[in-house]
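Just below sit the structures, each encoded as structure tokens.
What follows is subunit A paired twice: with subunit B in the first complex and subunit C in the second.
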Partner chain A sequence: MNEHVNELLMFQIGARVFASTVRDVVRIGNVAEAAPGTLIEGTSLGATFARERGVVVAGEAAGTEATLVVDQVLGVRSVPDSQLLPLPAFVTAVIPASAVSGLVLLEDAPTLVVDLPALVRERLAAPPAHPPPPHATA
Partner chain B sequence: MAAKPATKTKLPKQPSSPRTLARPNGGDAASLAEAVNAFAKGKLDVIIKPQDYSDPGLRLIAEALQGAGQGIGTQLKEFNERVKNVSQGVDEAIEALIRLVVQGDLSGELRLAVTDSALTPLIAGIAQVMETLKRFVTEIREAALQLSTSSAEVLAAATQNESSTAAQASAIHETTATMEELKGASHQIAENAQMVAAIAEQTLIGARAGEGSIKAFMASMEKVRHNAVEVDEAIGKLSKRVERIGTVVEVIDEIADRSDLLALNAALEGAKAGEAGRGFSIVAAEMRRLAENVMESTKEIKNLITEIRESTHSAKEASDGNKREASEGEKLGGAAIQSVSGILSGIQETSDAARVIHLATQQQRTATEQVVLSMSEIEEVTRSAQSGSRQATGAASELTKLAERLAELVKRFKID
Partner chain C sequence: MSPPGPSSDAHPIGHGATGQDAWFFCLRILGGRYAFEAPLVVEVVRLGPLTRLPAAPAFLPGVFTHRGEVLPVLDIGQLVGQGTIAIRASTRAAVVHCGPWKLAVISDGLEGLVVIPHRHLEPPPAESSGMAEFLSGVARDRQGTIAVLDLPRLVEAARSRAVPAGSAGA
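What follows is the complex of A and B.
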């Protein structure tokens, strides 16, 4: 019997790599081409440095979008369910972000799986934890 | 003035006692003739006795002869007396003259004990002689005085002349020595001037060679500057082309970025499509890999372009520096050429001046040798003059003594 496979979008913010299910992503775009006021950065995932890509996510309101500013989009990976793990309790205590939904083991290395809609909600509900760099307001 | 006869004057013999002619036969003509012959011979002491002559004629003649003899005797006696007086007066006058001369007293007059008209011219002549002597003595005295004064002046002048001649001889000797030194110095100067001229000639040759080198250097500098300009233009073209490449690479990079983005979205859509979109995802992943390769390549190209820009910038700065240095080198070369031209001119003048000095010092040397020769002759003449001055001083001294002696002698003559 074939194991269910999850399609995860891999992206990098700062030095860390994150994963997110492709269903939550509308498209990949350029930060420079994003509409003003739709960029989300300075989140609990960390500070960006290259700000090359934007992961466009559907907004809460119908027809709206939000763009998570990332440094790099690494690609799409197919991951079986067996590699998806729930978030341990001590990690929840260490990582304040509520948008992290679990872990995925890639080459035996744990990678945080981010719930992008939750991150958008979290970001819209609270002021940015990390102020954006000066060139972030382009 | 008393006169005393100094010498005896020989007077005619005077008949002391009459002599009678002894005639045995008496009174004849022969005895009478004998008597006349005796008279003729100056024998006036013959006694003629007229009474002895019997012949009247002879008697008359005898009487006449007797009278003539008596008259002649008387006259002769008077004559002798006068001669004696005159002789005494002459003796007195001579004695008085001798005494006057011996005593030098010319103040008085000649007075004789005897008087005779025949002595008048003698007395007058002696008086005239005395007057003449007085005048002579007076003139000699004055002359002696003047001679004494003049001889003293001559002595002083001769002494001064001797001193001056000695000083002159010393000065001439020193001058001769100095001229000898000057001759040596002229010789040395002539040799030095010749050496300076030779050195100046060598320096001139070297400076001309230096001028040629500087001109060659300036030509090289101009070439360097020209090459630097060409290099600058080439760098400019290269820079523009690199910029153009950079622009193209930017475009390529942009395209690759968009391709990567498209590939990402294609992979995303493929993943969303599930199993149906698997192949699509594989193609998208391949496209993305190609796009990333392109971006990697453009990144390398950008790095290379950056390096080329930096190198071009360095080359441009180096080229600008070369141009500046070449321009500065040309300016310095121009200044060096001007300096060398001035040096050449100065050296030429120095060489000419050294030659002129050499010739002048040679002439000076010749003239100095002639002067030394002349000075030697002058020194010889001066030595002779010094000797002559010494002799003149001795003579003047002797003359002064003689003048004093003459004055002393003249003083012995009393004229007032």
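What follows is the complex of A and C.
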């Protein structure tokens, strides 16, 4: 029996690489073309340095969109279920509201899988953890 | 990797480990010698590449994978406010089971198993701050003083301190 395969979008914020399920992504966009007030940055994932790309996801309200500012979109990886791992129970107990839903083992290195809708909710509910640089425009 | 054998300065296997003795797992943290109940230790492993977690408290520097399992890393030094334990390529961790939690406790060095006769265990100092808050006893062997940690209580304190009052879950 073939193992279920998950499509994961790989992206980079700062020096770190993250993954998220492709079905949460509406499209990849250009930060400069995003509508004012729709950019999501300064999240708990860290600070961007290039702010070149945007991962567009559905917003909280129907018909709206939010754009997570990232430094690079690295592509899509097909990953079998066996490479997806849940967060340890102690981690979910200590960080109950984390936008990280689990980890994916890529070349034996654990990479965080981000729940993009949860990240958008987290960011809209709290001030930026990593404020954008002064030259950044929203 | 299994836990190292008993310290040669403590009672070696066969000479101690009677009903009058207690087994502890001893490690060095920020210049001190600490121990906790040996049965809590599942194994000793070399720390793999650490993945840091967003919004994690300082005592949880990240997670790593070991035999396909993701293990959280606990920095006891950070938890009790005594400083950060440096993580190096050679860092090893004691994988422990504390109630429902399985985690990897890092240290500056692992000494391994020691046997301490119950009669040599003394009450902890009356201090209630830092590491002293989590001590269940103090013992001495030929290498010096060993502070015995109540690890389950320390892990539970970590969990409760990280979760804001009124938060769901946990």
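Simple rule for what comes next: the second predicted complex is superposed on the first by the 128 of 138 C-alpha atoms of A that agree within 3 Å, B and C clash if a C-alpha of one lies under 4 Å from a C-alpha of the other, contacts with A are read in each partner's own complex, and residues count from 1 in each chain.
Keep in mind that, in the parts below, a contact is a pair of C-beta atoms (placed from the backbone, for glycine too) under 8 Å apart; a residue touches a chain by one contact, two chains touch by 3 or more.
Predicted model only: the values in this text are computed from it and were never measured.
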Next on the checklist: Output check: A:Ser78 vs subunit B and subunit C. Expected answer is one of first, second, both, neither. What do you get?
Outcome noted: first
Checklist entry - Thinking of the overlay built on chain A, is A:Thr64 touched by subunit B (first), by subunit C (second), by both, or by neither? => result neither
Next on the checklist: Taking the superposition on A as described, I'd like to know which of subunit B and subunit C A:Ala109 touches: first, second, both or neither.
Outcome noted: second
Next on the checklist: Looking at A:Thr92 after the superposition, I want to know if it touches subunit B, subunit C, both of them or none. Which is it: first, second, both, neither?
Outcome noted: second
Next on the checklist: Once chain A of both complexes is superposed, is A:Ile28 in touch with subunit B (first), subunit C (second), both, or neither?
Outcome noted: first
Next on the checklist: Can you tell me whether subunit B or subunit C touches more residues on subunit A?
Outcome noted: C
Next on the checklist: By the touch definition at the top of the document, which applies to A:Glu7: first (subunit B), second (subunit C), both, or neither?
Outcome noted: first
Checklist outcome for this item: In subunit A, both subunit B and subunit C touch residues none
Checklist entry - Touching subunit A in the complex: which residues of subunit B? => result 257, 261, 264-265, 267-268, 270-272, 274, 281, 285, 288
Checklist entry - Can you name the residues of subunit C that touch subunit A in the complex? => result 49, 51-57, 60, 63-65, 68-72, 100-103, 155, 158-159, 162-163, 167-170
Item to check | subunit A - residues contacting subunit B, complex | outcome: 7, 9, 22-23, 25, 27-30, 53, 73, 75-76, 78
Checklist outcome for this item: subunit C partner, complex, touching residues on subunit A are 16, 43-46, 85-100, 103, 105, 108-112, 129
